[in-house]
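See the structures that follow.
In the two assemblies presented below, chain A is common to both, partnered first by chain B and then by chain C.
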Partner chain A sequence: MTSRAIRTTFQIVLLLFLLLFVYMLDFRLGVLRLLFPAQRELIYQRVTLPTLVIQHMRMVAISSAGATVVGLFIGVAVTRPAGRDFLPLARDLSSFAQTFPPAAVLALAFPVLGFGFQPTVAALFVFGLLPVINNTISGIESVDSRIVEASVGQGMTQRQVLFRTELPLSARVIVAGIRTSVIINIGTATIGSTIGAGGLGTVIIAGLVRNNTAFVLTGAITAAGIAFVVDWVFGRIETLFYDPRERVTT
Partner chain B sequence: MIDRDRSVVDKVILSGALVGGAGLLLPVFIVKEHRLDAGFPVSFAGMSLPLFFSALALLIAIAVVGVLPGLRRRSRNLPAVLAALGLFALLWAGTGISGAAELAEYGFERGRVSPSSGFWIVLLAILIVVTHSVKQSTSVWLRGCVPLAFVATLVVLFVGGVIDDLAFVREYYTREDRFVRELTAHIGIAAGAVAAAVAVGVPTGIVAYRIRSLERPLFAVVNGVQTIPSLALFGLMIAPLALISQRFPVLRELGIRGVGNTPALLALFLYALLPIVRNTYTSLAVMDPAVIHAGTGMGMTRRQLMWQVEVPISLPIILAGVRVSIVQTIGNTTVAALIGAGGLGNFVFQGLGQAAPDLIVMGVIPIVILALLADRIFQLISEWAVPGPKRGTA
Partner chain C sequence: MGGTGAEARYSVIEFENVSKHYGSTVALDDVSFTVPDGTVSVLIGPSGCGKSTSLKLVNRLLEPTDGYVRVDGTPVREFPPQILRRGIGYVIQSVGLLPHMTVEENIGLVPKLLGRHKRDRSRRAGELLDLIGLSPDEYRNKYPIQLSGGEAQRVGVARALAADPPILLMDEPFGAVDPLNRETLQQEFISIQRKLRKTVIFVTHDLDEAVRVADRIVLMRDGKVVQTGAPEEILGAPANDFVREFVGSDRALKRLARFIVGDFMIDAPSVDRGARLDWNEYRDFEVVYVTDDHRRLLGAAPRNGRAEVSSAGDAMDDALVGAVSLGSTLRDALAEILNTELAETPVVDEHGHLVGRITMTEIYSATPRRIV
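Entry: the complex of A and B
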């Protein structure tokens, strides 16, 4: 088998396992009983696992969609002639902000916005912005200036240069930024349960509090599995776009 | 076309001054009778008029630097940085002193002063002006000293007792001993995890480069770890460690248990690997074969080649990886508090549990300062490690 085939098989097996683990109670019970024969309480009763998954993904979807739109806008704005003076600043501020631990951003959102779903989404949004901004800037910057000049020379307007030359050529890098942002958000959303946002962190925290490793593992396996699957999906999406490294030179 | 535009007005410095101006109008701090009091806001103008006008004067000075290109070119924005530093000192000292005065006036003996929107916005303005100005300077010396000057100002005010009434300083004084303990634990855990990651990551990077068939699987594992949410990885570490320590009582006596520092260290170590492995690999991949040939041609032995050519070339790239990894680890160590490890995250999550924002801020500030200091120090080290004539000393 080629390494690609091995990888695909591995991905399919893991996806199947994840689906069964989340949606088939008996399967999950079997797995956990195998791992923790001594533990009596294996299934978290208060909220079902599929509900937690939906809560989790809802937080991630809303915040990442917002971060993508706003991040793209900022990234494009600072690479236009009018906003170019702000480019180094945008880059520096976003790398400065990335030194803030996501857990800290989440914790700081709480005094401003309170407990629950909204502050978590807001914190995820802010934190998810940074990779999108960074990658939009580096994507657009990496487009060969001769191609941009050629587009201008063909009589394209500024808007056409952006939409027909710069964005399509940098799409791959931008999607990579969105991917990073989504993966970080899936991770940070787990911590969101400490401020009452629900999601998969809930069962992990419940397990930690009650010293029930089966709960901890249930949440950890599901969260990690979702992160892997989403990462693969984005990996596939990336390959749909033009790869600047495979540039044909004549 | 852009350069001419830039030489006229520095839009960034100017907008920094504008942001600061907006901050001046908003409440700088909130006077609270006790920890959970809603309190009442006080703005710069409400603190004292001389204070308000000095802050305004400093902002105008910054704006003037932004408008006069001649001044910027000759002095490399130094006046803007100095004015920002002045504003920084004014903001903290003003909040501390007039906050204390307000508390005394209302007789709030156990009262406290919480920084409010105006405070944070003026800080943001300072950040904009300083990052931008320092970025334009090529001197390593200046880039290293400016952040230090800001930290030093804060330390002097803190040691001098000027900001004692600030809410998060109050939170600090009520748990001074524990703070020192958690801070040491935080640094210890992060440093331990990164040290282990360097010890394992550098050889792994070399192996990934030398043995082509291992490249993909090694990177698949190291990349895969990064994808796992931090809390989930901490959780995944608990189960096997708990089992192992049940089986082998010797290990339990050594302190290896399912919860606590051991799973935290292990998880943080795994997280810290990627930047180090990747950069070690890259440093080898980008090495120009001509350089190696030249070394061999000069009659260097294998050992000389390694120590005099390969290591000096790859060291800055590897150090850049260590830098990314240490900043990340300092942040992730926060989450480790949830599985019973030590560190400043304990204050953050305790603050969340008690709905006490001041306690959260008290925990977050040192974490951010630690991350920034580590970032700066490693940036300077890796710039210093670049072989050949030193950049930026001219």
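Entry: the complex of A and C
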């Protein structure tokens, strides 16, 4: 088997495991019983796991979609001639913000936005913005200036240069930024449960409070599994775009 | 600017007292020259002389600080830049192809910007690939990374020609190609230019290239024009020490590359291989050429050490069969003369028929000399 085939097999097995773990109660019970024979309460009863997954992914989807749109916009804006003055500022801000712990963002957001879903999405949005901005800037900056000049020289307008040359050539790097953003958010969204946002953090926190490792692991395994699968999907999406390192031999 | 085929395809480019400053740095200083319609002007000079800057003023990638750049009498700044650029073919080193587009998409770039239909673009790409000697079926769907340097450069030329612009700007178009391929590309460019008669500004730092492709050379240094003229003029009469040094001590040799054998050759004495060779009939000649029934060159019979009268076939020395073709340059002819034991070289046409000869006298006649 080639390394590629091994990876694909692993991914399929992982996806199957995740689906069974979330949607087949008996399967999950079996796995947890194997891991924690002494634990009497293995299944979190107050909310079903599929519901938690949906809550979780809703937060991630909304915050990441917003981060992608706004991040792309900012990244493109500061690489335009008119916005170039703000480029160092955007770089600094996004580097600075990435050093912020997500819990601190939550703590700052909830006095303004209250408890629950909204402040969590806001925190995830801010946090997910940074890799998108960074990668959009790096991606566009890495396009060979001679190729841009060639495009201008053929008679493209600024907008055409952006959409026909700069974005297609940097798409792979930009998608990698979105990928990072989404993966970070899948993990970070678990802390939203501390302020009542629901999601997979709910079962983890319940486990921590009640000293029930099976609950903690239920949330952690599911979040990690989703992160794996989403990462794999993004990996596939990236290959659709132009790869600057590509060396085709025919 | 030519947009439709119905318009006159007349295009002159004029630089009138053009200056370009970057802060206190002077990139161009009062540059004036004219590129006549349908001719190739080569801008050449040491790096930093302003040749590429001048080129970019024509399609408004740069704007002059002072003076006018005109196309057909209209200052280029009166055209919207995108419209201007779509009417001017632009060729740069191979990196200028868009790496995420196929050869066909690259060639169809300007036609697409002009709103041409996909079917027309595809047909035009096929025509142009044929013109530049690449098989459309094989190359249409390749990506630039799959092309050799020479192929990428040809596609660059095809892209510039796609919308059939009257003007071509070529910025070191063959600079990234190895010397052997470069010469082939130059020959192809010359033959394409002979057909299409574009008004071309060609930037290079390679004097041999300039001599080969130019109708006129504009020699620049430190942002100023030092000398303009046909290559043979510049090589034959350098205006000052800088030009003399730039064109090199072998300038006389380079200059010979401007002259075509066909324009200088003289009649060659010849006999049929089966005929009798009587040297008394060829008193003035050191060598007589031997041909077959169809006047195809077989070899040469030198005078020295041979019988007065013999059969042509016997007198012929097989080793002396070197020749140059009608389209070769006098430089090639001189090289051939130096290669053989004879003091001259025969000239043949494309079928190998003997059509004349070149001696050192013809070589000298193309060389300006005070005392002959």
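The rule we apply is simple: the second predicted complex is superposed on the first by the 246 of 250 C-alpha atoms of A that agree within 3 Å, B and C clash if a C-alpha of one lies under 4 Å from a C-alpha of the other, contacts with A are read in each partner's own complex, and residues count from 1 in each chain.
By definition in this document, a residue touches a chain if its C-beta (ideal position, glycine included) is under 8 Å from a C-beta of that chain, and two chains touch if they have at least 3 such contacts.
Please read these numbers as outputs of a predicted model, since none were measured by experiment.
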Once both complexes are superposed via chain A, do chain B and chain C end up clashing or fitting?
fit
Check whether A:S181 is in contact with chain B, with chain C, with both or with neither, and answer first, second, both or neither.
neither
Just checking: does A:P168 make contact with chain B only, chain C only, both, or neither of them? Give me first, second, both or neither.
second
Pick one for A:E149: touches chain B only (first), chain C only (second), both, or neither.
second
Dominant toucher of chain A (residue count), chain B or chain C
B
Considering only touches as defined above, state whether A:T120 meets chain B (first), chain C (second), both or neither.
neither
Could you say whether A:G207 touches chain B, chain C, both of them, or neither, answering first, second, both or neither?
first
Once chain A of both complexes is superposed, is A:T157 in touch with chain B (first), chain C (second), both, or neither?
second
In the superposed arrangement, does A:T136 touch chain B (first), chain C (second), both or neither?
neither
Closest approach of chain C to chain B (Cα atoms, Å)
8
Which residues of chain A touch chain B in the complex?
3, 7, 35, 81, 84-86, 88-89, 92-93, 96, 98-104, 107-108, 110-111, 115, 183, 186-191, 194-195, 200-201, 204-205, 207-208, 213, 216-217, 219-221, 223-224, 227-228, 231
If you look only at chain A, which of its residues touch chain C in the complex?
144, 146-147, 149-157, 160, 164-165, 168-169, 242, 244, 246-248, 250
In their shared complex, chain A is touched by residues of chain C numbered 59, 61, 81-86, 90, 92-93, 95-100, 109-110, 113, 142-143, 145-146, 159
Of all residues in chain B, those that touch chain A in their complex
1-2, 5-6, 10-12, 15, 127-128, 131-132, 135, 216-217, 220, 224, 226-236, 238-239, 242, 258-259, 327, 330-332, 334-335, 338-340, 345, 348-349, 351-352, 355, 357, 360-361, 363-364, 367-368, 371-372, 375
